[in-house]
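Would you mind keeping the following structure in view while I ask a few things?
As written, the chains take the letters A, B, C, D and E, and residue 1 is the first residue of each chain.
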Amino acid sequence: MWKTILRRVLLMIPQIIILSLFVFLMASAMPGDPFTGLITPDMDPATIERLREAAGLNNPWYIRYWDWIVNAIQGDFGKSFTYKIPVSEVIGQRVGNTIWLSIVSLVFTYLLAIPLGMFAGRYNGSWGDKAISFYNYFSFAIPTFVFALLLIWIFGFNLGWFPTRGTVQTGVAPGTFAYVWSRIYHLILPALSYALLATTSTIQYLRTGVIDAKQEDYVKTARSKGVPENKVYNKHIFRNSILPIASFIGYDITGLIGGSIFIERIFSFPGMGRLFIDSLLARDYSVITALILLFGLTALFGTLLSDIIMSIVDPRIRIE
Amino acid sequence: MSTGKPLLEINHLHTGFRIKDNYYDAVDDVSLTLEKNEILAIVGESGSGKSTLATTIIGLHNKANTKISGEVLYQDLNLIDLNETLYNRIRGNDIGMIFQDPLSALNPLMTISDQIEEALIYHTKMSAQERKDRVLELLNQVGIPNPARISKQYPHELSGGMRQRVVIAIALSCKPPIIIADEPTTALDVTIQAQILDLLNDLQDETEAGIILITHDLGVVAETADRVAVMYAGEIVEMATAEELFTNPRHPYTRSLLNSIPQSEDLEGESEELHVIQGTVPSLKNLPRTGCRFAPRIPWVPKEAHEANPTLHEILPNHFVRCTCHEHFHFEGEAE
Amino acid sequence: ACQSGGSDTVGSDNGTTNESAVEESGEETAGVIEFDTLKTNDEDSIEGGTLRYALVASSPFQGIFSPEFYEDAYDSELMGFTHESLFSVDENFMLSQDGMATFEFDQEAKTIHITLKDDLKWSDGEPLTTEDVLFSYEVIASPEYTGVRYGADFSNIVGVEDYHTGAADSISGIKIIDDQNITIEYIEVNPSILQSGGGIWGYPMPKHQLESVAIADMAAAPEIRNNPVGAGPFRVKSITAGESVEFEANEYYWKGAPSLDGVIAEVVAPETIVSEMQNGNYDVAKMPTDQYDTYKDSENLTLLGRQELAYTYLGFKLGHWEPAVTDEDGKVTEPAKNVSNPDAKMADPELRKAMAYAIDNNAIATTFYQGLRENAKAMIPPVFADFVNEDIEGFYYDPELAASILDEAGYVDTNEDGFRETPEGEELVINFASMSGGATAEPIAQYYIQEWENIGLKVQLATGRLIEFQAFYDMLEADDEQIDIYQGAWGTGHDPNPTGLYGKDASFNYARYVNDENEAILAKINSEASFDPEYKFEAFREWQQHMFDNVPIIPTLWRSEVFAVNNRVKGYDITYGTTDGWEAVELTSETAY
Amino acid sequence: MNISILKGRLSNLSFMQIKDLKVHYPIRSGFWNRVTDHVYAVDGINLEIEEGKTYGLVGESGSGKSTIGKSIIGLERITSGKVFYEGEDVTNKARKRTSDYNRNVQMIFQDSMSSLNPRKRVIDIISEPLDNFERLSPNETKKRVMELLDIVNMPEDALYKYAHEFSGGQRQRIGVARAVATNPKLIIADEPVSALDLSVQAQVLNFMKRIQEEYNVSYLFISHDLGVVKHMCDDLAIMYRGRFVEYGNKKDIYNNPQHIYTKRLLSAIPTIDPINREKHKADRIAVEKEYNMNQEKFYNEDGRVYDLSPLTDTHKAAIKVHANAVKEGE
Amino acid sequence: MEEVASDIKDLDHTDSNLTTLPDTTDDQGAVIGFQVIAREFKKDKLAMFSLGLLITLLIIIFIGSYFFFDQSEVMKVHILNRYTAPGEQYFLGADEGGRDVLGQLFIGARNSIIIGFSVTIVTGIIGIGLGIISGYYGGIIDNIIMRIVDFIMVLPINMIIIVFVSMVKDYNIFTFVAIMSAFSWVGKARIFRSRTLSEANRDYVNASKTLGTSDIKIMFREVMPNLSSLIIVNSTLNFAGNIGIETGLSFLGFGLPQSVPSLGTLIGFATSPDVIENKTWVWLPASLLILVLMLSINYVGQALQRVADSKQRLG
């Protein structure tokens, strides 16, 4: 298996190179450049031109690409045009927030989706099932930002249960317990807004999975052994119907690092989603390319991870 | 054979499935007994209700879609009245079940030992180690070489024969006095089938369990069963000891069935046409519910030959036949 | 600063609203709605206390806390707590003598002599000297400098050019006399130099702290990002990158320690700021103007407002930008310049004028901006009261007038299609480019088109939709054929001098309006004679009249900004030219209302 | 070793010859997923098929029976060896789907349910080969389909039903009808009845026989039920691990089995003779024992079956003594 | 933009093998085509109701939007009527440009339905087609197609859309559908590939091969009908999802031009608590309409699925 993984990783290299080239071309195609945003009457146009020249933006794209890829291979993704610090640092500041938010969101998503999906599958056709599927459609129909605003309005402002913005209470010293708690506390509402809407596919998959698995012979075998009904569901049916979800975990991992613009914006949560869009809008090329490579890599690793997880969950699957 | 109280006694059992808004009995007023140390074979056409009978005994039907009435008496308990919790104590512990398709009967995601162990968890107070030992013992018992290794493997890594042995090991794990085997060898080839049947025989010698063996392979019946019940359209139409049934079959269905076996061929010449029962198997919904249910498939037998409400007649000691038509039956074309 | 589209709210997060650090001075001006600019409070103030400041932004701040390097308006907003210029300004944003330093300007010698007040200290307690002043010039002029501040203002200092190219080790035009006195000599001077932000760099740089940092790395240095040293009333205590800053009082502040113990500034999304303020979660915030209705009656808040130093306008494409011509050696023989095109579609001033009279900016101001904007009469916001030409009545809504202008100019519907043709009888389709951003951008653009249609002009959205910021300026810069008229916004900064925006050499002159008369007036504005304020004001007024007569652009809206202040705050003053900054702010209660 | 083939050609009775057929499946492993080994699913099979005869292929599960069938009909790639049809080499040719060969070789599948497209009506299922091979008007097609249904004794109203609306036996008969629609010369029947219950099995077998009589088709009858094979076949091949262990006519195999594996297989057939049950079991166990003891005599060191060597005109078995003699045939 | 970027994980659905038992012999004899559909709907009241509702809505929306509302008229800005509450002047109130919400709802619903429908169809044709080809042939063809799919999956779709939007001269429904479709077919291709893989292993495919049927025919005439319930489930869900597809883009300012109203842009107005709380008439009707459309499409889809799969039929 390790060999297979290594082989897959090696195969990612050409994919990443093509991706980077593609991104570079796309970036060049975008109107404007990182310095368009500097236009103000206070600004000397010559200064902008000087900066452009210094940044090499007046070079043809292939020269810029070459320079970039040579540095990138050495782990240097350049400096952010916007933030004036190395791209790795910019990303480093955000990625932690996003990963935490994503993890908590994922946990919430599964905490919600798995019982609901199991219930809907077990009692399919019941009123509970119908209610769950209504919830599913509701969450499918409502845009994230509307929902996040609704939640923040209810739980943040009206009820005052949760903080409404940021990742941590300002002024709490890092490293203390209060700090950790504050971070967690700040995660709950954004994670919930995300999770409540993200359950749709998991519930659906689980539900159909359970309905299918219910009919299987091994379930009969389990019952004929005298395994109590709850155990039959939790042990036999659950594991078998979780397979399609396991195949999506890889994509969730990808989402883990991509962040959610809407949530981040509404909760003033500095994360990767915002960073990406801001960089796009500001034409911060170095951040854009680095981010896309990062997303691309995580996507590729995500699929690999999915395959590994699948092969762990399901002994019949061998990754080749 | 029957001394004292039978191990299992089934009286007037009905199992109806719901199709749309009505219930249709797949098992229709079946009564039979199972003795200790006995192999009772149930044969019959596909769809005649054999599996339904088995799953009713072990209580695997979804109450929402089935209607069950009658008695399944085991140790003075009517099983069909039991609630889930009580039934779960019986299942696996007192009744073991062997299913037909060995691959689908095993959970693909669990190791062999986990699956065998499961029944022990719920029915015994064994420690983990004791259970492990018991699993190895069982695997050994069903003739699996190298049980220690196999027990850690997954079903898909085993051959069909091995899997079927595992299924048997599961059924045997708690040494149940009753074992129901629903077509345990249909998916296997003859050599392995033979081994499995020998295994069942040997095990019975050991545990004296009563076995209900469901099959449509009359060869298997002839080689293993003590008693045979022939089912047709949800009813038992004939019941006798194996010897008696094969030497003196009475019910038209039994006779037709025996006739359609391709075997007594002359190796030299052209083999003759096999006997075919006229008509097709009616669906559950369209089963004849009155009179002799086999009558439509032997239309040349005059109506008067059939009973209006066919009952089982004990024509010889321990040989029961339903409907009087057997007395008048002859194969088509044959002289009466 | 150039603001996006017609609005400055939800979508204006382009990171480009680069207003220079705001210093308070100036004069209360008349908007459609009158606001106070000072938060008074009858209650007694408490000792110390921590003020909670909401930084209304839809993306994280960048965190470059250095006047020399920052680019982000949010950083600038935050530096209002920690950094302070050497000079104060008056109500016209002219440098005045009330700040940390005083100065003497010698027009003949083209030098300025700066004298620091006694005992100035950095927020870390180190003394602030002329070395620090020089250091800021050396950093900006350094060839290694990565920021955006270096430009004509600096190369105008004697010796800077050589220093910048590396030809000299020091700047010959800047001379330190002693720890408190320093002179700077300029190559050329014009009246703008004494305007705030007009050419004299006002921020010293803590040399003791940054000396050891390579200039190329400064923007990224932790000394600037995490632990900035300034001379403002507060200093940074802790920073959560991109989302919040905790400030504490700077006991070394030259006016004495501020009243507050500290300030917590946090990023709050525009979507939630109203609720946050109404819930008393913050004490001060600059509010999104398009939600004014929703918070204007909040009981726990007092609203302060003032005119912004900006205007929105509609510009006509009247020519193109001609790049510089160079000879073989790469020497510039002909500098880049704007060239007007007499055949441009919008070349006829009558047509432009008619379009100006066709639109009702007052209606837009009152409905979309709930009175927070007003019909602009000229390109000089009324804040600059002395500069404003009161005689100009500006354009107003008069569709009949507009129609008659067109009739007279020969724009009539000759082919009965409901739209006017050119006097030559050709079809006239005008392409209007407008920037996306904010919920109101689209309806406003739509509204203009409708009104023009009402006077018989066929106007359509260039590209069929609103254009994203970057693309918009890209197209403007390139004089894209698809644009005949566009909507933009300029911030004037503290210096209303229009040369950089409407001059012949100004690349930002996107209208490409070149006109000898205009050049002459601009020359007047920049002449030495203009050091005489009256002469200067007169020149400005002349220019406004010229622009009104020729209509190369139609000024549309002047803007106001609104600050919501919790009622427990006392002494918060946003008056332009005030000398009271954050140090004067107090609280009257431990908890917010 | 190709005597029989030569003979077949001379007598010109056999219209199809399969020569040294091998189907190997690659096993991939290693870092670059290269092929490191093979599953020898079929490993050197010779067979010739004469008109109107039925050839039985018996053997345990996984011995390669289906693979032979599938490779002959072109569903499986042949690794090596040749298939001749009427003198023409048709091995692995990217055969045109509507070639003569395709038309003349048809297949009946074991699982009647999965071999009938569940979304198609019976008329469409049966007319599929007609559409492909014959240009008939819709009316003619319908008429022909009805004829075919009649041949397999199905009512006309079956025409517009779906496969799942029939019983297993009926479905299998639909499969038979489809296979005979183009009047093929050879029908490969892969366990056509093993999923059916006794009386239904009888029905299907009867039909197959009847059709054979009528159209003189040949069958390659794959099964592991020796009783059925005995009933159906003229010649039998016993397979073990991709190779024939014994080949001969019914009498040769049933009365005079030579290879130990054949004997074992025969002894495992359950007999309907409850009285002699014990004796039968004892016999079987004896054979089993013998088999376990004498294995090495019948397989080479790698467990591979020896080449067939002729015992009589019709009877061949893979027995060592003879195998050596004919070795150079390879 | 995750609503756009991560293509809404297409919901696979395996038809439950409730009745693989041999004998469900249809006693009413052969029922063909339309009758089956009619009967299926008669049996399912909810589906019947949904169908009725859907048809009514569609008729109202299309007739209304073509005959009673003129797009350019509706999209005229009346600044004085900004955010007029529902009442006599505007039945459903006005938006921030003083434009009639009712009219926008009609035209927007029409546009959204057209967009949703077109995207579903286009992605369906590409995704299902390539998925089936990929799964059926396997081997190198499969490899190539799946690598392309993988690649598209890691592409920064946001960026491409933004680049596209800022570069394309004429950004309208057509181009929007094109760009959306260009990326969202991949999910379908994956699902249909894996289903085809298992389907292609079934013997009826082998049978067809031996019966001389060409590959193309096998793929699209034999295999595809067997995926019909998946196609229906997937498409109805997709359709439902695609109706609101540009909501997120609108929020970021890259949606359709506002002169082309859609349900998404209407919902997209809800960008501040104030609008959500106090100006519900702007966004709520559109949200409800989407929900109602989605639910009824779904229930109709379920019934159609039963029609397609004769084994699941109720009657």
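The rule we apply is simple: contacts are C-beta pairs under 8 Å (C-beta built on N, C-alpha and C of every residue); 3 or more make two chains touch, one makes a residue touch a chain.
Just so you know, these numbers come straight off a predicted model, no measurement behind them.
**Student:** By the touch rule set out at the top, what is the minimum number of steps from chain C to chain E?
**Tutor:** Step count on the best path from chain C to chain E: 1.
**Student:** Enumerate, in label order, the chains that touch chain B and chain E alike.
**Tutor:** A, D
**Student:** If you average the Cα atoms per chain, which one ends up farthest from chain B?
**Tutor:** C
**Student:** For which pair of chains is the number of C-beta contacts greatest?
**Tutor:** A-C
**Student:** Return the distance between the CA-based centres of chain A and chain E, expressed in whole Å.
**Tutor:** Each chain reduced to its C-alpha mean, chain A and chain E end up 24 Å apart.
**Student:** Taking the mean of the C-alpha atoms as each chain's centre, how many Å separate chain B from chain C?
**Tutor:** 91
**Student:** For chain B versus chain D, what separation do you get between their C-alpha means, in angstrom?
**Tutor:** Chain centroid spacing, chain B to chain D, equals 31 Å.
**Student:** Could you please state the distance in Å, as a whole number, between where the Cα atoms of chain A are centred and where those of chain C are centred?
**Tutor:** Distance between chain centres, rounded to whole Å: 38 Å.
**Student:** Where does chain A touch two or more other chains at once, residue-wise?
**Tutor:** Only 30-31, 149, 152-153, 157 qualify.
**Student:** Could you check chain B for residues that touch two or more other chains and list them?
**Tutor:** Answer for chain B, listing residues that touch two or more other chains: 46-47, 281.
**Student:** What residues in chain D touch two or more of the other chains?
**Tutor:** Counting only residues that touch two or more other chains, chain D contributes 167-168.
**Student:** Residues of chain B touching chain D in their complex?
**Tutor:** My answer: residues 45-47, 159-160, 188-194, 197-198, 216-220, 222-225, 242-243, 246-247, 256-258, 260-263, 265, 267-268, 271, 273-277, 280-281.
**Student:** For a test of understanding, state which residues of chain A touch chain B in their complex under the given definition.
**Tutor:** 216-218, 220-229, 236, 239-240, 313-316
**Student:** Enumerate the contact residues on chain A facing chain C in the complex.
**Tutor:** Touching chain C from chain A are residues 30-33, 36-48, 50-51, 79, 82-86, 89, 93-94, 149, 152-153, 156-157, 160, 164-168, 170-171, 173, 265-270, 274, 278, 281-283.
**Student:** Using the touch rule from the top, collect the residues of chain D that touch chain B in their complex.
**Tutor:** Counting only chain D, the residues touching chain B are 60-62, 167-170, 196-203, 205-206, 209, 224-228, 230-232, 250-251, 254-255, 264-265, 268-275, 277, 280-281, 284-285.
**Student:** Under the stated contact criterion, what part of chain E meets chain A in this complex?
**Tutor:** Where chain E meets chain A, its residues are 1-3, 5-6, 8-9, 11-14, 16-18, 150-151, 153-156, 158-160, 162-163, 166-167, 237, 240-241, 244, 247-248, 251-252, 267-268, 270-273, 276-277, 283, 287, 290-291, 294-295, 298.
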